[in-house]
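Each chain gets a letter, A, B, C, D, E and F, in the order it is written, and its residues are counted from 1.
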Amino acid sequence: MLTTRQLEDLDAHSYQDYTSTGHGLVLLPTGATEQHGPHMPLGVDAMLARAVATAAAEDLDALVAPALSYGYKSQPRSGGGNHRPGTTSLSAQTLILQVRDVALEFFRHGIRRLVVINGHFENYQFLYEGADLAVREARAAGLDDSRVVLLSYWDFVDDRTLEAVFPEGFHGWDVEHGGVLETSLMLRLHPEKVDMSRAPSHPPAQLTPYDVLPEDPARTPSSGCLSSPAGATAERGELLLNAVRDGIVRAVSSEFGK
Amino acid sequence: MLTTRQLEDLDAHSYQDYTSTGHGLVLLPTGATEQHGPHMPLGVDAMLARAVATAAAEDLDALVAPALSYGYKSQPRSGGGNHRPGTTSLSAQTLILQVRDVALEFFRHGIRRLVVINGHFENYQFLYEGADLAVREARAAGLDDSRVVLLSYWDFVDDRTLEAVFPEGFHGWDVEHGGVLETSLMLRLHPEKVDMSRAPSHPPAQLTPYDVLPEDPARTPSSGCLSSPAGATAERGELLLNAVRDGIVRAVSSEFGK
Amino acid sequence: MLTTRQLEDLDAHSYQDYTSTGHGLVLLPTGATEQHGPHMPLGVDAMLARAVATAAAEDLDALVAPALSYGYKSQPRSGGGNHRPGTTSLSAQTLILQVRDVALEFFRHGIRRLVVINGHFENYQFLYEGADLAVREARAAGLDDSRVVLLSYWDFVDDRTLEAVFPEGFHGWDVEHGGVLETSLMLRLHPEKVDMSRAPSHPPAQLTPYDVLPEDPARTPSSGCLSSPAGATAERGELLLNAVRDGIVRAVSSEFGK
Amino acid sequence: MLTTRQLEDLDAHSYQDYTSTGHGLVLLPTGATEQHGPHMPLGVDAMLARAVATAAAEDLDALVAPALSYGYKSQPRSGGGNHRPGTTSLSAQTLILQVRDVALEFFRHGIRRLVVINGHFENYQFLYEGADLAVREARAAGLDDSRVVLLSYWDFVDDRTLEAVFPEGFHGWDVEHGGVLETSLMLRLHPEKVDMSRAPSHPPAQLTPYDVLPEDPARTPSSGCLSSPAGATAERGELLLNAVRDGIVRAVSSEFGK
Amino acid sequence: MLTTRQLEDLDAHSYQDYTSTGHGLVLLPTGATEQHGPHMPLGVDAMLARAVATAAAEDLDALVAPALSYGYKSQPRSGGGNHRPGTTSLSAQTLILQVRDVALEFFRHGIRRLVVINGHFENYQFLYEGADLAVREARAAGLDDSRVVLLSYWDFVDDRTLEAVFPEGFHGWDVEHGGVLETSLMLRLHPEKVDMSRAPSHPPAQLTPYDVLPEDPARTPSSGCLSSPAGATAERGELLLNAVRDGIVRAVSSEFGK
Amino acid sequence: MLTTRQLEDLDAHSYQDYTSTGHGLVLLPTGATEQHGPHMPLGVDAMLARAVATAAAEDLDALVAPALSYGYKSQPRSGGGNHRPGTTSLSAQTLILQVRDVALEFFRHGIRRLVVINGHFENYQFLYEGADLAVREARAAGLDDSRVVLLSYWDFVDDRTLEAVFPEGFHGWDVEHGGVLETSLMLRLHPEKVDMSRAPSHPPAQLTPYDVLPEDPARTPSSGCLSSPAGATAERGELLLNAVRDGIVRAVSSEFGK
């Protein structure tokens, strides 16, 4: 019987008992250290990925691994751009190797079912590559049943929840950086880390359908948010959290058995 | 006066004349070698990226570099998955380094304006990293005005064109692998390489909001198409090509001057 | 005026104010996810590095960056060996690149003084390489005053404290894995995460003056501790914490000015 | 029955039929984007490697994969040097990884016999390393019969052909950059891409028996050719093409069976 | 019957006879090219590692492989720092890969027992990683009994020898760079390469318990020695050599059988 | 005034005096550990590269750095193949990085003129890449006059010497592995390491104009020599050594000034 869902808080002997059942399931949250406007802290992406993982862990009888706190370079069309103060990112190869190494270690422990829960849009393809390299290497070493589910938590927000959270219309995922979705979840999960009095109010950023390198700082709002967080509430955060948790639990159970 | 827009067909002395103006602009098409159903060839992505680049080159007084013919691993949610026969992919690091190396060479030649024209969804983040590494390295070496525009050509299909091409409703970009968009463009550009008699007819794939590794072959249609190409015509291809060419010319001119 | 010492809890605008003074100082804790016996959790190394950094941050007017939660492979002569359940490690190249990337980002922000606070013995040389690569690259890019102090926190335990904590004699740093030092610090800082009723009692491990690969599991105690934590108390943890904090504050102030 | 020898023009279902016989053979042309004097285009090396592969494919019942259009850095003693305008090269690691990745994909498809047909002198050792890494990795993964033949096409020009093509004496392979051999082949295969009116006329370059880095531009002829293409004709190109095609067909048949 | 213990002096046919017994044992010395004060040459670390290996080879019926003559960057707290003239070092990744490659080759030859004998303090962790990668890769390839012993020779100096060599008290291993230990061994093994008339005389360096990057040249004695070599004699070198040789022979015999 | 030409035998203070003149010149020998038939040792390539460097050092007032004793994988067409017992090789990336690192260190010391003297055919392209990376990086760091000459020693054997050494006709450089050239040089330089009574006698190997991977052991003579060393004498070695030394001295003086 586990006394905690956080891997970092578990002792090794209890962990061994858990893995020795052969049904171990580990959730790996991946975030970023990235500006999220004047009203939210730099750690939002890792905090939300960790919170979502923790929310899903009980139903899945899973453990939550320490989050990857640094993510891939922020891009102007999803996070405001990597030139912004406070955004502290990894290059592609570093992030890929980190996921590969950590996944291989869990496979070595006897964990055969790993779920990577992404909280930073820009990470996804690099997490995919890391997971793919790990699965190939594990299978080459004879661990044939090693598997990974990879997901970004917001992809589990269903249409009904979206309508409830954005009653006046959803502007699209691309401008949801520092906006209503993330702010509502933070108000629900870490209200003390949000200062709504500093929340900016401006129309959604007009994003180009392409990227320019080096980034042009003039291209994204000076607030650092791609849309206004006005309308964010803890209640809406609760709706979002429930939708995401339930969706992930259903998906993982369906893939891996429960 | 250039006699060709294809860099590979140009001699070095003429290229030097072109670059010595200081206004050189190179378009780098990036594709993949990837299954596109029974009715289209493996080279679709590179062919379309090359054709789009060539279409835009005249208006931009640009050169088209040899395409990168191999791309990142095909993923089930955008290309059917990398397990399929014929799909011949690069790992992330290889693709990143290739873009970095080629971009740095053009900067060394005196080209300061590079446009990467992507034709394979899965490539995008790795092209971004390659371009970012090249721009950083070029600037560290004192080439301070080296710039890259990175785009995927389908992001320039405007709403009006979309309605004309999909009069019965658009199923979304995610299932547009081997479907009406790519097939129409191929019918317009390389009709001899399309065999509509072999085009599959099935409903759009039901994609999960997550990935599983290793891939589950049962997850995507056996045809290899994520939606049916029924309805594809050369005329629709013409509409798409015009929209994409015009959009890219406008965007690049706006960023780089003409 | 900073409202928190934790970078992840700070918003980007406040961070920019902080860095714009030109006197910014960032502390980067580095730990591991590694077995620490039956009485302590897997996250001990990161927890202690983070706690030490936080303790020193106020006096140094510094920020504490998110900890690197995964470290280099545990070795039998300092951590029991990497074959043990729960030990979840990175390969050398991954850890090196992670430190390099993160350090370069802080330099880009205008931070010129970075302190890496190590909590996992095996990390040290890889942290050194990562810091060295970052400093070289920063200076090649013209950031000539970028500097790093690298330390392992236990190297600041002075002789007087050592005598107070080990009144019956110190067995040496090499067997201090899961022993009195780490356990005392955890009892002082996170008592709810320690279960002294499960603390093993056995003589210090007899370590060989060499390593064998692959590791021989028979070589280290089955408890996972290299010496017994008997004698660990929160009071001794307080002595240790004070000595380490004071020593680090003095050293960093002396190197970097205050 | 294949309708084309070009892999990029083949659909995936036909490719699967081809590979499922177990006798699939793929030819991978590797070239460069490199200056070839004022009379020939930058793409000569890839064009010739592709043409040679296509010429041999019918007799071998083989498929021709998309060429690698970029090659290793041009060197003064074989290609004039990498400092020249238009020469667009890859670093060693990039080229090695590209060959490794592509070869491994063909092995995964069930292709066990791969022929790398090189058209750029400087590539050879890096192609060897890429092929060696792929074969080792394939065999470690249980694909024990995966094999590669690696060749440079000009090594199949026999003495009789050499005498016919160079009736006044052969100056050696090292100065055959942009000279009679490549120009004759281009006149035979792509006459519209050659402008003999711009062909330079100068004695063969006097090459040193060593390299200097960085390259000394004064060391090679300003034309970019290491010997004069005077004497190149389509007829001589026909002789060369026949010799090379026949030699490669014989060698590959002898190694792999036909 | 081997005619030499030096692998480089052995012919391949005799080597094959040796490995075919299945009991082959190879000793790989690893050193550095690093300043060792005004009285000793730059090659001390490789010379001593090679000499120790050669001394132990006879008793172990082992071969001595060519030494790795370049090592990891010298650090101020163990070697004076990498900024010093003459110190010629490798980066971490280079050293790691070198050990991995060489170890894998010996495993391929049928050697299953490899001893890495380190003579440069800073190398150790990188040798460990290289050996770990090689052992993992060898075992993944089915060479399940491949093993490595890794050691630094000075860890085999026993207390009795230490007392005899430092009758007035030992200052600690950290300041033993260019001091009595290395100088005594050199006087015993290569007296013609030592010039005691140039030996510096100063108190041991006061080392900080942390590192600073970039290095501060003022931090270590201008002689390049971290303690004075005064007191070094060939007789003390003989004591040290005997202790080290005997300790290594015992340890290796115990691990690997003799 | 230098007391030795061997860098490893020089003390750091004398080295600093030497480099401080600004005219320092370092010769870096690169070899291999590779079978050379039953009559010669595995270390031939490094021994000869070192001997040639030493012979040239006096006239050039140069220092000889420690040789790189391990080289790139032996290939069947120049060294018999890497499958042979005793051949102990590096992968491409390892060798490239090693040359890059070492060259950069010499540049850092103030050495601006480096000569890489190659003794193993297969190394050349990887040495080129390593030198190219180092020169680029050095120049990016402002060391604009850093230069490398790269050569293989046998390329300095002139025609007259060739006729004298092979009075009955030269079979070509490709079969000169373990043959008259290397054996004569060894008889001149290290006669005690050659056993002519074990020298094989067989016709030159019939080499194919292509490579096959994995290597086919049946393809090269079982002796390991690609041609017979019969006819090798110390006198012919003397002729070869003189030709090579004189040629290198002339070339380096001409490039670098003397």
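Rule of thumb we're sticking to: a contact is a pair of C-beta atoms (placed from the backbone, for glycine too) under 8 Å apart; a residue touches a chain by one contact, two chains touch by 3 or more.
Bear in mind that the values here come from a model prediction, so they are computed numbers and not experimental data.
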Pair joined by the larger number of C-beta contacts - A-B, B-D: B-D
Same or different residue numbers at the chain C/chain E copy interface, by half rule: same
Centroid comparison with chain D (C-alpha atoms), farthest chain: C
Distance from chain F to chain C - Cα centre to Cα centre, in angstrom: 47
Chain B-chain E separation of Cα centroids, rounded to whole Å: 54
Residues of chain D whose C-beta touches two or more other chains: 91, 93, 140
Of all residues in chain B, those that touch chain D in their complex: 6-13, 15-16, 19, 33, 35-43, 46-47, 65-70, 84-91, 93-94, 97-98, 100-102, 105-106, 109-110, 193, 195, 198, 224
Chain B to chain A touching residues, read off their complex: 72-73, 75, 91-93, 96, 122, 124-126, 128-129, 131-133, 135, 139, 147-151, 155-156, 208-214, 247, 251, 255
